[in-house]
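As structure tokens, here come the structures.
Here subunit A shows up in two complexes: once beside subunit B, once beside subunit C.
Right after this comes the complex of A and B.
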């Protein structure tokens, strides 16, 4: 399986760079004894099929006008938490993984085109993505990890990421920066298409 | 006048009651505990050639201790059952290791299962001739080969990591800094306040590590929790128009409580047990680590506030009560928990 190797390599790289910052992210999985809260914060950032759609959703939120952006800011972390809570006891249907991979291409394209969306659609997109990423992360929780600490950390990571995305896109108004954000979107879409075609 | 006093009294009572209900909620539902981040510790003292007294401490601040244990070279045996002892926040095992005439030299010491944790383990071996080696083992490098002559000791980076870990995993220090961030207006005053906090905790960290001042760690930890309650109370009162001391002179409050937090940091360093000749290096690097962690946290929070402001959200007035009451409840919970620790030992 080439894809898993690429995935491991990429997530390994991200994990390694995070380890330099916090003496934490050596493995995102069982972390007995210390900070399940931090494990929750780091877990979605250590795999590209979570990290890239989350970056895309944060940039998309930044590109929207005020109301849809606020809607996304609230729905995304809440649906992450809801999804993770639902995901803890169940075995994941494979459709969730497909949605996560597909969302990378779809959201990347939306960011690349910088499309303004109505609030309801923006909220719907972020709720759907939040739920599927939440489900996937919740289902990976081992018995040693306390969901009471993991899920708040997990939702906080989502909230921070979306807020930072909004802040970057709305504060850095220079035209070349705005084009830069759209380029990032197109890269995310490209990675999404690549991973889907390899699967 | 009397009416006013009664009114104030009932208000205070009501506030206390709501605080306690949140507190109970935090305590029972979330099972939130402040974990002081400590590395594991393996000490080996050579009493006679090839024979070592072992002390193995596993941090267990939250629930059961992680299933990590040291693995010695094949020529070493454990002749007697190890003695296990539970201490606050850790489990300690003591015993004897016999490695025959070859000793530990050239052998490999590994901490089993360390790679599935996010713990560091400090290993210190003192040989019969008085020489010693110190090594920090990590999840990504859980073993090392004992070279008696190699002057392997914990490098500066090891202590920097420890400092970063201590501040990022010591949520109590972060909550204190968060309280200051919420109180202090404007970047200049913030710089002044954070600098005062840094100078203060660096001073007491140095004094305590060099042994000039010694204070018992558990009461210090309890008072640190109380310092966060104090900030939370100031925040809550500000909403009612009371300008507390922290609002008037934030740097003074940061300095005063910074002295306490420094003793807290020193407690961590002391419990690891640094070899005497390593103290200046360890102190310096650990402090650098603490500052790096603190800067990262302050940057993250400020970036969050700055980003959020672009949306110009009109928050309902009750939301402004959430941060002070949440911070205050959590800190009060830690205070009670740490007080319980003082009186149970």
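Right after this comes the complex of A and C.
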């Protein structure tokens, strides 16, 4: 009994310290000591304006039935990669930043209402968000970073995040947990509305 | 049999939460020692803003407790819709739209919600929603006014939404006492305290 208690205490502690230490370590931009592949994985997760809509899209995917969830699982990372590849050469139009900010409010609201979406709409939403987040991240790539390593890492991070979201929401079926996911969506939407009002 | 399983699970969750809190306490200080990012500073100022006023704390905890007293649809409707309505109030504050009597509204919300808990009032759901929604606008406005001044407005927003949500959760957790006969009485006592505190703040008898 005692040892399991200590083990639980430790596992909780380690998990929390990892989440707290990771952003501090990664916020330096050229990311010294981290290869370009891992820089690609970390980059979208270190900025709140990308992280929150990505969490929202992963929860939204988890709330859908099998077919739209699978559609989102594949369209999101692919469009992230496409967006980042496009974002490297072209100059970023300002509408992209607007879509990224607006998506926080819109996707958060969708998660809060937990509406089932048709596959085409679900795939369309994740493709649009993936493209704009990809463009924004690709445009920030410096000369020294290899896009051939950065972009696969970047798309993999998106794939993992959506996989985790689908896994969590589909496995944790207790009613209060399902409400908990909707509450997270509502928090993301609230942050989105506040940030939009600043513009 | 079933209750012992539940109890054991609750204990496991509590130990894990304690571990997380300890680790947060240990690692928070080094993580914030990054003056050039502004992210940590913005987040902390947002997270602590709802915790600096007694009226805010009491009102948010009261929302959670009242939600549990109102039972089924309200207990999950409140934590989902409150942040959304509050963010509309916050947007008004950011934009500087004049809203009279914000401080009065915030203190009055604690007094009124405390009274609802004391009476264990169960009005129709839409009445409760309109009442709580009106107070949510005032609370959001009070935080939103500070948002543009923050070091990192986005992180400030995340911090203040998160801490408000956690205060609701505290109220809901307290409200679970309703399962026991003694807990029902204790909750009404808490409601009386919140109502009294709100009234004293409202008339400027305490600060």
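Just so we're on the same page, the second predicted complex is superposed on the first by the 167 of 199 C-alpha atoms of A that agree within 3 Å, B and C clash if a C-alpha of one lies under 4 Å from a C-alpha of the other, contacts with A are read in each partner's own complex, and residues count from 1 in each chain.
By our rule, contacts are C-beta pairs under 8 Å (C-beta built on N, C-alpha and C of every residue); 3 or more make two chains touch, one makes a residue touch a chain.
Only a predicted model underlies this, so the values are computations on that prediction, with no experimental measurement involved.
Visitor: Look at A:149 in the shared chain and tell me whether it touches subunit B only, subunit C only, both, or neither; answer first, second, both or neither.
Guide: In the superposed model, A:149 contacts subunit B only, not subunit C.
Visitor: Does subunit B (first) or subunit C (second) touch A:193, or do both, or does neither?
Guide: second
Visitor: When the two structures are overlaid on chain A, which partner does A:179 contact: first (subunit B), second (subunit C), both, or neither?
Guide: second
Visitor: Per the contact definition in the header, classify A:119: touching subunit B only (first), subunit C only (second), both, or neither.
Guide: Neither: A:119 stays clear of subunit B and subunit C.
Visitor: In the overlay, answer first, second, both or neither for which of subunit B and subunit C A:109 touches.
Guide: Once the two structures are laid over each other on A, A:109 reaches subunit C alone.
Visitor: Counting only touches as set out at the top, which of subunit B and subunit C does A:167 meet: first, second, both, neither?
Guide: In the superposed model, A:167 contacts subunit B only, not subunit C.
Visitor: Could you list which residues of subunit A make contact with subunit B in one structure and with subunit C in the other?
Guide: In subunit A, positions 21, 23-24, 27 sit in both the subunit B and subunit C interfaces.
Visitor: Enumerate the contact residues on subunit B facing subunit A in the complex.
Guide: The touching residues are 29-32, 35, 37, 59-67, 115-120, 138-140, 161-162, 164-165, 168-169, 296, 300, 303-304, 306-308, 310-313.
Visitor: Looking at the complex, which residues from subunit C come into contact with subunit A?
Guide: 12, 15-20, 22-24, 26-28, 30-31, 34, 37, 39, 76, 79-84, 86-88, 90-91, 94-95, 144, 147-148, 153-155, 157-158, 161-162, 165
Visitor: Within the complex, which stretch of subunit A touches subunit B?
Guide: Residue positions touching the partner: 19, 21-27, 29-35, 38-39, 66, 69-70, 73, 146, 148-149, 160, 163-164, 166-168, 170-171.
Visitor: For the complex, give me every residue of subunit A touching subunit C.
Guide: 5, 8-17, 20-21, 23-24, 27, 48-49, 52, 109, 112, 176, 179, 182-183, 186-187, 189-198
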